[in-house]
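We just call them A, B and C in the order they show up, numbering each chain from 1.
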Amino acid sequence: MEQITTSMLINELPRLILSLVLVIAFVALNALMLVYMERKVAGHMQKRLGPMVVGPHGLLQTLVDGIKLMGKQIINPEEVDLPLFRMAPILALVPAIAVFAVIPFSEKLVARDLNAGLLVVFAYASLSVLAILAAGWGSNNKYGLIGAVRSVAQQVAYEIPMLVSVLSVVLLSHTTQLTGIVNAQKGMWNIVYQPVAFLIFFICSVAETNRAPFDLVEGESELTAGFHTEYSGMGFGVFFLAEYASMVVGAAIATILFLGGWNGPTFGIGGALSGIFPGVLWFLIKVYILIFIVMWIRWTYPRVRFDQLLNFSWKVLLPFSLANLIITAVVTKL
Amino acid sequence: MSYFGEIYTGAVSLIAGLGVTGKALFQPTVTVQYPWETIDITPTFRGHIELVTDEETGNFKCICCGLCQLNCPSHCISIKSSKPEGAKKKALDSYMLNFTTCSLCGTCVEGCPADAIKFSDDYNLAGFSREEFYFDLVKRAREEK
Amino acid sequence: MKIERNLEEHSLYLNMGPQHPSTHGVLRVILKLDGEYIEEAEPVLGYIHRMHEKMGENRTYAQYLPNMGRVDYLSALSYNQCYVGAVERLTGIAPPPRAEYIRVITTELNRLSSHLLWFGAYVLDLGGFTPFLYSFDDREHILDLLESITGSRLTYCYFRFGGVSKDITDDFITGTRAFIKRLRMHLPMYETLVTKNVIFINRVKEVGIITPEAARRYGVTGPALRGSGIKYDVRKNEPYSIYPEVDFDIPVQDGCDALSRYIVRMLEMEQSMRIIEQALDKLPEGPVMAPKVPKKVKPPKGDCYFAVETARGDFGIYIVSDGTETAYRIKLRTPGFSNLSIFAEISRGTLLQDAISTMGSLDLVIPEIDR
């Protein structure tokens, strides 16, 4: 790495500030859109219409909801651990936003193209468990505590198969730089070589973002709302924002690692199609398709049981991802 | 082998489930956008009660026998009547329905010997205070005219 | 962090309810937890006690009728039928055959709606949202049908001493047949979406084991009993109304777990549809009210017990009459009370999430337990 000098900092500063503003704007706008999409998808899957009142087809509903959340009084229940309690939502949002710094939306549209980008992503992603633990512990609520404890066990169990499945991609592309991984898929997407790794990564990222059917952390039918039981107003809103931000991060990483990032399809008849959209659009299309699948799953399945969740990770995902890694290693060596 | 078999059957069942909800995504919705669209209520709907007026004379059909008041399980009806001098029949002074305790059972309508009360089809009942639901049925019937 | 704890016991007390998403009402269960494992569970009742039994002593027989729709609001017609049947047995009023057929048709429709609601709510307890709305879509049709003849959607008060308050219409008959066809088409969809789903099976299989012996000991009835392999159904064992004249089976599963109870209910829906179809075919002509029913029902001195099979189990009414217009004592034997009392025993040593699926599989309606 280069030595950081004062002149470099001055040169880089506007760029950093600009990317920060852009990322935060993207995360907020994106959350509004995703909440709307989620409600519409859920509605139509359940033979209802979803939001219809505010704006055409309810388009502005989530904006209004956001304003309502911001207008709410901030309530600190008695006997909470105040610093922890108030810090937790921010702690949840910051890593989710920070990850966007290394995600390449297209060849040029990336805030910092680090050569260890993949490591940065996972380092930040695993911070989110800290936020949930702080929220659950700090809110002095039994439901919150149980949710927080579950969260830790769940994150530990699902981080490992996730990282192992990512390793096999790294073996294929010989780099941990995210742009490098995408460039290595110019010929063929990794999903073709690594379908098992993709599936495992996808399942784990659903579990990491605490989405149903792995939403034991907030499982409302047993823990009322889990770790955010005591949160109201924007405290809850920020957790919500963080959830949707990390959903995008999960889908974006899956797109970069397995679905060729900003490249259009380069094989079959898709080759002709790839030129028609700019790279960013291809990237976003893939991300949103993945997010749609996550929503589809959420509105179809019941929640898994806690011990089965852990069993599934240790007994199915981990052996499969390890086997996949070994096979990949052997094949690439040949 | 059963290890892989279990994973396979599990995966198949999960995909079949996705198929069901995926199909529903493209099916027409069944809900009604309530304040803008409404469904017709059935003629047998049991709402709160109303007094029936005789179309020929324009008077209430009520003969002030007090059976509804007597039959009501929740004691939510109270009738006041008087017999003006020289008149043959009793005249209804006030017919109060305390709708806050009414359980909409319809015993009053069923027991009425003169068919003088009927069910209203009004179901949009919301108010800001309890007093709004102490219905003065005589007043309501006159206002409707 | 000041969560109450007993340092010697190392266990956490958790109040599940009276406001909790999956106790379906105001049931409170005090859980003593060791981690996620339940050491002890103690149901606390009485949050919605409305003195229905005492009301029976203060109201005339006819005035007490609307109460029946409110003890168990999900199978109100079964309760109607039981009370009306008990008073008829006491007074010797015999309803005409057409009325009996109408009673059975509407009661079975009510059972279907109750089971559909239970199905939706149970999957909702387990975290699946969508099946809940599908089953409500179907249930809405039953409510429409029943509303068209009874006038209300939930707390029906339709049966009278000596008959029913209103004859059924041709629209109702065609509507019912159309609905049965529709539900037959939808049941396989429920099977693919829920019954065969591996996550669902893992959540309910070998969870909440009620041994036949324990079921007998606690007086568990209804689908919970039949899920433990005991073939007991009041409609067969102590036949009333026209049930001896129609052909139907009692589904029994001997897994003793939540899955068995689930399957029993799903199979019962098919049987209910069979009963309705046969009753519609055989429906006799004639009046729907007995000719000589006194305005004021005054049963002679004496007592009687009458039991019916509701959607949740064996419901019985014991009436003691002292020859006046009001009963001397009315005792309601509700199935939910016995079914809940076994919860403390079967949830011991299970996971918190298992307790949810066990409680859901018992199909509790809290107002019926507290009365």
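Rule of thumb we're sticking to: contacts are C-beta pairs under 8 Å (C-beta built on N, C-alpha and C of every residue); 3 or more make two chains touch, one makes a residue touch a chain.
This one's a predicted model, so the numbers in the text were calculated from it and none came from an experiment.
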item	value
Centre-most chain, if every chain is reduced to its averaged C-alpha atoms	C
Reference chain B; chain at largest CA-centroid distance	A
Contact-richer chain pair (by C-beta pairs counted) among B-C and A-C	A-C
CA centroid of chain A to CA centroid of chain B, Å	50
Geometric centre distance via CA averages, chain C-chain B, whole Å	25
Cα-centroid distance, chain A relative to chain C, in whole angstrom	44
Contacts with two or more other chains, residues of chain A listed in rising order	45-48, 299-301
Junction residues of chain B, two or more chains touched	14, 17, 20-21, 24, 30
For chain C, residues that touch 2 or more chains besides their own	130, 134, 137, 193-194, 197, 199
Sites on chain C touched by chain B in the complex	59, 62-67, 70, 130, 134, 137, 144, 147-152, 155, 157, 165-166, 189, 192-194, 196-199
List of chain A residues in touch with chain C within their complex	42, 45-48, 79, 81, 137, 140, 142-143, 145-146, 150, 212-213, 215-216, 219-222, 224, 299-308
Residue ranges of chain A touching chain B (in the complex, touch as defined)	41, 43-49, 52, 296-297, 299-301, 316
Residues of chain B defined as touching chain C within the complex	9-11, 13-14, 16-17, 19-21, 24, 30, 42, 44-46, 71-73, 103-107, 110, 119
Chain B - residues contacting chain A, complex	7, 14, 17-18, 20-22, 24-31, 33
